[in-house]
Amino acid sequence: MSSRPDTAVHGEQLRNDDVGIERRLALFRLQVEIRDCEKRAFDLFLQNMIKGTSHLSIGQEAVAAGFGVAMQRGDKSFCTYRGHAHTLARGASMEGMLGELMLRDIGLMRGKGGSMHLTSVEHGVFGSYAIIGAHLPIACGSAWRAQYLGEKDVSVCFFGDGTTNIGAFHEALNFAAVWKLPVVFVCENNLYMEYTPIGDVTAVKHPAADRAASYGLERIVIDGNDADVVFRTAQAALEKAREDGGPSLVECLTYRHSGHSRADPAKYRPPGELEEWLKRDPIVIYRQRLAEFGVAEDTIKAIEAESRRKVEMATAACKASPSAPAELLATDVYADGGWAWRN
Amino acid sequence: MSSRPDTAVHGEQLRNDDVGIERRLALFRLQVEIRDCEKRAFDLFLQNMIKGTSHLSIGQEAVAAGFGVAMQRGDKSFCTYRGHAHTLARGASMEGMLGELMLRDIGLMRGKGGSMHLTSVEHGVFGSYAIIGAHLPIACGSAWRAQYLGEKDVSVCFFGDGTTNIGAFHEALNFAAVWKLPVVFVCENNLYMEYTPIGDVTAVKHPAADRAASYGLERIVIDGNDADVVFRTAQAALEKAREDGGPSLVECLTYRHSGHSRADPAKYRPPGELEEWLKRDPIVIYRQRLAEFGVAEDTIKAIEAESRRKVEMATAACKASPSAPAELLATDVYADGGWAWRN
Amino acid sequence: MGVAELTYRDAVVRAIAQEMERDERVVFLGEDVAKAGGVFKATVGLYEKFGPLRVRDTPISEQAILGAAMGAAMTGLRPIAEIMFADFLAVCFDYVANEISKLRYMSNGQLSCPLVIRTGNGGGVRFGAQHSQSVENWTMMIPGIKVVAPSSPVDLIGLMAAAVRDPDPVIFHEHKALYAMKGEVPDGEIVDTLGTARILRAGSDCTIAALALMVPRTLEAAEVLARDHGIDVEVIDVRSLVPLDTQTILGSVAKTGRLFTVEENPRLCGWGAEIASIVADEAFWDLDGPIVRITTPHIPLPAADHLEDLAIPSAERIVDKVRRVLNG
Amino acid sequence: MGVAELTYRDAVVRAIAQEMERDERVVFLGEDVAKAGGVFKATVGLYEKFGPLRVRDTPISEQAILGAAMGAAMTGLRPIAEIMFADFLAVCFDYVANEISKLRYMSNGQLSCPLVIRTGNGGGVRFGAQHSQSVENWTMMIPGIKVVAPSSPVDLIGLMAAAVRDPDPVIFHEHKALYAMKGEVPDGEIVDTLGTARILRAGSDCTIAALALMVPRTLEAAEVLARDHGIDVEVIDVRSLVPLDTQTILGSVAKTGRLFTVEENPRLCGWGAEIASIVADEAFWDLDGPIVRITTPHIPLPAADHLEDLAIPSAERIVDKVRRVLNG
């Protein structure tokens, strides 16, 4: 979000709407950076430089970007194993993210956590959780702390459509509503749990929104592929939470272009489905939007080039990074820094 | 349900409505018997003849009776720790129930399970469960078996208002709806979890019914103190389930006259609340109903006397029963009858 | 400084109050804990004293309780969460086993989780199989948490204070059958140390390690063994399973040459097995004979009083076993 | 009768198919298990073969999965339920610890619960702390269930068949790092016996008890110990934790005089501790020296490959430890 473009050149074509050009460029930049990073992660798989698993957000960038731009410093993100995008969206470095996927010393947790547990407290990313639903109650706790201490930050919790069918979802939503907590629950409905269509295993059409009423909450379903729409919704929900208006549950309709995880070729999709969604690629949509709003092609290209450059640099840094030293195995089990469970 | 009264004498006063006189008498008899048994259980506490805990249903008899009469042989009940009423309502003997509370050899499980786990498979009572919410998924499994084998029984699962806030509730309801299982979920909303008013901890007014839509189910709230209303609702839900129409969720409004459990004097109630509900005592209501329908006072009194007699006999039998032999400690951990985990 | 006689139940209130007075960040949540003072009446008065923002009733949502405690702890509070019966740890076990305990490690030390989970553990109260379990081992086996189980009112206060002040998550097992137990407690602030066992009775013939309700029973057995059988028992109250004070145990075994453990948890993979395996490895050459575990058999607990009494180790059973093992 | 080479993964399909063909009451449910064939591709083809009524995809609702399996089992079916990763047993642990395991006892034998919970256990695949745990001890410590963990394709089929036919609930730990392992499997029906350990290598100097992934590693270590260090190891594949074949273990220790256990679960209260405590009690006089447990340290598992490899016992670590202990 550093290099502000020269907006003057675009003249009157720039509408000074509620989003505004600066945030629009930030939204675009974030989406491009996330996409480039995720594509790089995919390449690194193929080169066998990423071990374990990994879950890409290609196609879902608008959600992470929309919330990332709307959130303020101090706001806290609680993510899932599909959390690369959300971690980057709060400002964590590409090498921290990719380095963790590569399980190198340069990674956000020096390879100790791995791709499913990205954490960057300095950027407000309070962990990524890999047991479905677990982080919804945890986000409630963070919000409770803010409420109790009178701190004005909001806790934002991202999860998928499949997550709405596990018990912790229900407990967290009711708890947050009863305690009127400053937390925003963001369901990224990408139509699938792992390989099973969400409709096959869910009693309602909109797995999150159609359940909002169970917790006395407003029904909110939005186009999750339009970063402006996400941004506006995010801003409203965050503001409501900050002003003691309690929690929100936002369902963002989106789609992942790749498989669930590294191992998944996504053969279970009906023919044509991906193609339809590719037409609604959030980055294509947003690139066009910028053009409509009069942003020059050069400006756009500069952002794209800068993103690619950053990814290259990050990749190089990661490849150059060693593994963490063996001693790390035994650190930070307990707060004294060590692992001793006995004297 | 044995001694059928001479209905002829009541002449034309008897309306031949959908419930019918025979079932009306059964509904009354069951409620009276449950009440008398529960009162006896209370007396036995005071005499220190019941150890451990115990949870009475005084005030809630109409729910157990309404479902008990509507259910058919082969239908399966899944109850909670507050399950004395539901166990009797399926035909289990008073001495089996009271004997288990007294932890005697005559008890349904010979004292091994205790008051919170009443089970009488021969009467279709497939267990009483004391971990909140656990039996909702279990009832789904029983219903799944019926569906798979083409058996026409329905599984009925009873639980309280407080239970609607735990994760297993949510998982079970969604699961039952998606698999279209022949199961009926019956929420007895008695306004309190243990000592905390349900409204203090629940995001909606009707903890069960206001959540039915989350599972694509109809919103059903009924007067749980009117056995006729319960019976009619039960019958409809059972029929729907039997005809492959899937699950129902029924919220019965009712009230427990005593504390949550033996230890609870229920001081947390606002003054006057109990008194208001006593006016709507299900047995008083139903006694009046019978009179309105022309049942002679003598017939009613005979039922009441017979119930008292049965409770006396059951109490005597329980008091005469020894404890189970010590060998029982080591039986039925595994299906070979024993407890050996090693050779 | 004076001394008062307090029940184990009252000790809970006193311990929590002591810590809440000291530190504004200490908050307390659970089912029926606030307005009603808890189902065991162990938290009576806290709501009145510290108000509705610090002492909070929750829905029946154990996952939300522990999840919320975790989220609050990792962002700056010092929550105490009640799980009413220890058996219910099973409905929120993900938080114990996968979340709270692993947070610091997975985040490479970026996040801490200083919280206390207090829970009513153990049997003897005729509550049946789902409300009577001793589940110390469910928690001891999980890396990343600490586990404590006091056997007296004064230990309860001191260990609770230590647990609340500890930067790591602590599972605090209160024994339901001890709530009515009385003990002397000095006035003023009490703070103990996690990870310390205590030798409650010195002896030379054998060591018995016990925990919680098994401690008074073992002490009683030790008196009988000394009086009637000439066996001089050293009794260790283990107190803290993690960290485990192995030095005290190994030191005692070095002296007595024999080890017994008395466990309320069902047999398989109990804490006694862990201690036995440590001793069988590190103090093998000190041993004069077999290590013997006295445990609840590996069965669910029956509700009936006489059956439950047969199941859980009693002073008589301890006497009988030790006598037969040592005197052949 | 012929013999085929099968992977451990293929053995799962074959085992389940064998049992589903035999008994109409056998049904199978889990997340992504049907149409997609499972995330480990271990159930590919079952849906096509047995149809949508017998092989069913579920929502992400582990409590509903185990609850439904239980309800079906107690009313007449023989369900096999998949919990994708063993770590997820924590989100449905109530069913393992309090419901399925206690049903028969609490009902005084009125109800049975014949079901199998199969789950992907263990590490070595760089999935990090919440997807790599070895949780045999979570299940072994619960009375009322049986616990099995095969180390080869043929054992997997035979033990799965035995588990499905068993009238008690069985937790069936499949090891994720073994799915690609190949082994010879005879044609035709295969049925094994629960509660039987197997001596895979006879030896005279010491006994090593191992389970699942630790079995091939121990066998490898035994070869090195024999070749390079003149130590003749008897290797026992424990196979079944409950029922536990203590006779095979005690018999072996009576012969060798020394016992090691090799566990993948983190140290505290592992199955090795249980076995060590049995031996330290019942075979004390047979022992020629300390019982030594080789375990994953008591830590959450790191994701990084080199760190994970350091954590989980390797053949080298086994060799090193046994050599140092026995040769001083």
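Per-chain numbering from 1; labels A, B, C and D assigned in written order.
As a convention for this text, contacts are C-beta pairs under 8 Å (C-beta built on N, C-alpha and C of every residue); 3 or more make two chains touch, one makes a residue touch a chain.
For clarity, every value in this text was computed on a predicted model and none was experimentally measured.
Taking A-C and A-D together, the chain pair joined by more C-beta contacts is A-C.
Centroid distances built from C-alpha atoms place A farthest away from subunit B. Between subunit B and subunit D, the centres computed from C-alpha atoms are 41 Å apart. Between the Cα centres of subunit A and subunit D there is a gap of 37 Å. For the pair subunit A and subunit B, the distance between mean C-alpha positions equals 47 Å. Multi-chain contact residues of subunit A (touching two or more other chains): 110, 112-113, 117, 129, 131, 134, 165-168, 171, 174, 178, 200-202, 328, 333, 339, 341.
Shown for subunit D are the residues that touch two or more other chains, namely 58-59, 61, 63, 87, 90-91, 94, 98, 105-106, 128-130, 143-144, 242, 267-268, 298-300, 302. Partner subunit C is touched in their complex by these residues of subunit A: 76, 78, 108-110, 112-113, 117, 119-121, 126-127, 129, 131, 134-146, 148-149, 155, 167-168, 171-172, 174-175, 178-179, 328, 331-335, 337, 339-343.
In the complex of the two chains, the subunit C residues touching subunit D come out as 87, 90-91, 93-94, 96-98, 101-102, 105-106, 128-130, 137-138, 140-141, 143-144, 242, 265-274, 276-277, 279-282, 284-285, 287, 289-293, 298-300, 302.
Residue ranges of subunit B in contact with subunit A, taken from their complex: 165-171, 173-174, 177-178, 200-204, 210-211, 213-217.
On the subunit B side of its complex with subunit C, the touching residues are 51-53, 103, 110-117, 129-134, 162-163, 165-168, 193-196, 200-202, 263, 268, 323-324, 326, 328-330, 333, 339, 341. Against subunit A, in their complex, subunit C makes its touches with residues 27, 53-54, 56, 58-59, 61, 63-64, 66-77, 79, 94-95, 98-99, 103-112, 114, 143-144, 146, 166-168, 195, 242-247, 278.
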